[in-house]
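So, here come the structures, one by one.
In what follows, chain A forms one complex with chain B and a second complex with chain C.
Moving on to the complex of A and B:
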């Protein structure tokens, strides 16, 4: 356990010093700050659109950070041979992988927390101190955090056997497919006149791809079919689903990692 | 004495586009005794690092067996009492010397700042402990690497080219550290091609070339076969004829005698003979066999053999 925590801690330390991540974070923050002045919005829809915009900015920034952070993590350790010293100590490969993953999640948490604080500050400023409404925004970012943890697990899993560039597009593609197409396939399979073939494809896609759309709680405009009846139980379900999927991905990642040369 | 390292037919093959399957390490039978400094020598690409990585469980052997301190390779318990200094190591650059050592210490489940401080002092880095690794020179990085390899008070150390790329002063420092390890009863496995270095500190060596061990044994035995050259003046033809030394090359010109003989021959009685025949000894030069000679000889021989084998196949 100490080993895993130590590796995670070092990974966070390294991640928050990576210039490319800081630049992405900075871009995200700039957009958050200028967001309120972007649209000449009608007073009524202003709040709704501003909320959606800000959450969208956080989600996009976090997703890019999650992928960029993780695709290089394991390959870099191997390329720089830092992994050799670590694996020559009493550290099992699964401990190394888990430590790296938790470190990535920890770094993500820090960066997302930072963005959320800025968002709440900007939003509260706009709403003349309506702090209560701002806090509901934080709930959405909590769901994004679970989503990004899942995305990071996808990328970590792939990073044990594909190159960073391939992984970038692979994980990015799965994220997009899992966010946009899962609900689409869902509605498709409910229609009567769908062919058996598309039903099979739908079944396969929804079964094997992680359903990232569970976490898109911010915007019923994009995602009308998934109006949430009971937020609390949905949050719990989505978190459990995420944890299960993350475990599965890390398990596969460990299998691949354990059977390869480093 | 027990074996610190023992391998039986340890083999690692890689697929190569031109050559098909290549045994990078080929049926290696290695034997390292506890408490000795063992030199693992070979030209670039001989398979030294590959062997060490197999012994550490970082890569997996294609076939064969290996035992480290009595346990089969890959056994995690052994990792608590061994350590490794990789070749051209690289450490997390954002950490200071102290942070780095404390990180590695925690990988053993330990947290002992006093020990970290002691080790930094031991490798002469106490003054630079708060600099980050990115500010360290190559020599400092190598020394922090040695400190890292001592955290668990190891019984067995694997040092892959510990003096690679270092200046002569750093060389001597590191050599002294390694000699201390032996005094402390540790076994040291050094991969190197710094032959004069190895000759000074190693008890036994193995020479590996193209994945095959060509020589293995005690350095003193492997370096047998040196010669001694005795030069004298005022020597008569009769005396020259009376010299009976096996394997000696004798020449006499204008009363000047040169005897080039095996080092194990009886030098003293030759000197006595010269003096009692009123000749005078002008010089006695031992020409010890150097590790460098042995190395070059071994590698050259094995290249010749494998070229001949290649010729047969073709």
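Moving on to the complex of A and C:
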């Protein structure tokens, strides 16, 4: 356990020092700060637009950070040969992989927390100090965090056997497909004139690909007039699902890494 | 090594199956019920593939927000046609954003007008369909029900039963604004359900009085006073009409509604130029305020009925109204017992395509939609009204309305063929040119009594 924590801590430190991640974070923060001006352009529903825009910015920025942070993780260690130093010590490969992943998730958590604090501050300022309403938006960012942890697991898994550039597009593609197929399956299953083949394909994709749509829970928070029955149960089940899929991905990642000549 | 790989495969397969079962059995049903995008994003949403990817990548609310800002700017520029698809797109992307539905319904129903500010009523069924879609997507909040009810109340302005139905649904929702509840009482009046209206005003009074006493807030007090004022007015008006006397089984002949007043309706329409209609109406009630509905429509317009159509017929929202159908609706304002309107349909050929051979020109008046002072004499249901020529008891069930219609051909309306040099004119047999009978100047509005005995 000590080894995992040590590797995770080092990974967080490395991530925070990486300029490219800081630039992405800075761009996200700038957009969060100017977001109120977009809402002000609308004659009605400026608060709704502000909420939607801010959560969208956090989600988009976090997704980019999650991918950029993790695609280089293992390949860089191999390229710089630092991995040999680590693996020559009493550190198992699975401990190294898990430590790297947890470090990436930790760095992601710090950056997302920072963006959430800025969002709450800006929203509270815009809503004349309505801190309570602003904090409810943090529910969405917590679910985004689980979503991004799942995305990071996808990228870490791929990083054990593909190059960073391929991994970037592969993980991005999986993220899009994993977000797309559940709504598509939901939409097609309600249509009677859709072929059984299309329904089966979308069902299979929804079942086997990591389902990122489960974490897009922002709609009722953006539109408070809509009522959701017991959202907490969905949050818990979706988190459970995420942990299950992350375990699967890390398990596959470990297997690939274990069989790799390093 | 081989057994290690096999163990891995078994574990991986087991985890893979477990996540699939957990996902489909536990997480997916709840997600589909509460969080899945409503509406059909994939078919006919108008999203380009990149927009669709972005929208479904979890950013649909953000995309809807940005598009809504864009739609707003189109509205400011008066570019209504460009605004319509954006509104539709926003409602599909974020079906919980009620403002978009409310503004969209209003926009579709009211803002597409011709040069004479007559709205294109071919859109109204789609505005109502949008309201119904908003209700399906947001069943727990009052606003879509109230807004749809308002469309029936104000725009359709005839079928108040539908307005009542929607307002009643809105009132069942806990978030209904107190001030907006008043409209249900008014809608009850317009359907002739006076007791329900009175009960509703009383319940409003009780509720707001209690709220005021509980909170000490002045807003409930103000709302209580509004309910009280409206209640008083309704009681006085209904007493004068003999409503309570009738309920007590007393004679009602001395009250305001009796004997029924002859409104003396007569009409004339002349096609004074290609696509230009000049309409004249005579009306035997002096005070200003009557608006006679005048409709020119295809003779075979789908679901058309007496000066009306089935506004509730559409189940889906379309962006374009039927381009080959004609429905012109105008309100002829009466002043000093006469109304005249020149209706130029030549500059709006998409609204008035005149593709059919036969057309119906209808005149209609309904006391339900009339001003209060006229209803005090004529009643909500037309009890105090008669017309020896055009009183109609079939057009609206349980109501006495004024109705007559004429047939015109396409050649007559567009002055084609034999009508190129003649002025096609249709008129009721009792129509008399007002210049021959009315001596009052147009700019003087006479205010005599509506009572038949002329005592004041």
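Quick note on the criterion: the second predicted complex is superposed on the first by the 246 of 262 C-alpha atoms of A that agree within 3 Å, B and C clash if a C-alpha of one lies under 4 Å from a C-alpha of the other, contacts with A are read in each partner's own complex, and residues count from 1 in each chain.
The rule is short, and it goes like this: a contact is a pair of C-beta atoms (placed from the backbone, for glycine too) under 8 Å apart; a residue touches a chain by one contact, two chains touch by 3 or more.
Model, not experiment: these values are computed from the prediction.
Look at chain A after the overlay: chain B and chain C fit there side by side.
Counting the residues of chain A that each partner touches, chain B and chain C differ, and the larger count belongs to C. When both complexes are overlaid on chain A, the residue A:88 reaches chain B alone and has no touch with chain C. In the superposition on chain A, A:133 makes contact with neither chain B nor chain C. Of the two partner chains placed around the shared chain by superposition, chain B is the only one that A:10 touches, whereas chain C remains out of contact. In the overlay built on the shared chain, the residue A:261 is in contact with chain B alone; chain C does not reach it. Here chain B and chain C sit at a least CA-CA distance of 12 Å once the structures share a frame through chain A. With the contact threshold set out at the top, not one residue of chain A is in contact with chain B in one structure and with chain C in the other. Against chain A, in their complex, chain B makes its touches with residues 53, 56-60, 76-77, 79-80, 82-84, 86, 88-92, 94-95, 103-104, 106-109, 145, 148, 152, 158. Residues of chain C that touch chain A in their complex: 8, 11-12, 15-16, 18-20, 22-24, 26-28, 30-32, 34-37, 40-43, 53, 56-59, 61-66, 68-69, 72-73, 75, 94, 96-100, 103, 138, 140-141, 143, 175.
Those residues of chain A whose C-beta lies close enough to touch chain B in the complex are 2-3, 5-7, 9-10, 13-14, 17, 80-82, 84-92, 261-262. Per the touch definition, chain A reaches chain C in the complex via residues 38-39, 41-45, 48-49, 51-53, 55-57, 59-60, 147, 175-176, 179-180, 182-184, 186-188, 191, 206-208, 211-220, 222-223, 225-229, 231, 233-234, 237-238, 240-241, 244-245, 247-248, 251-252, 255.
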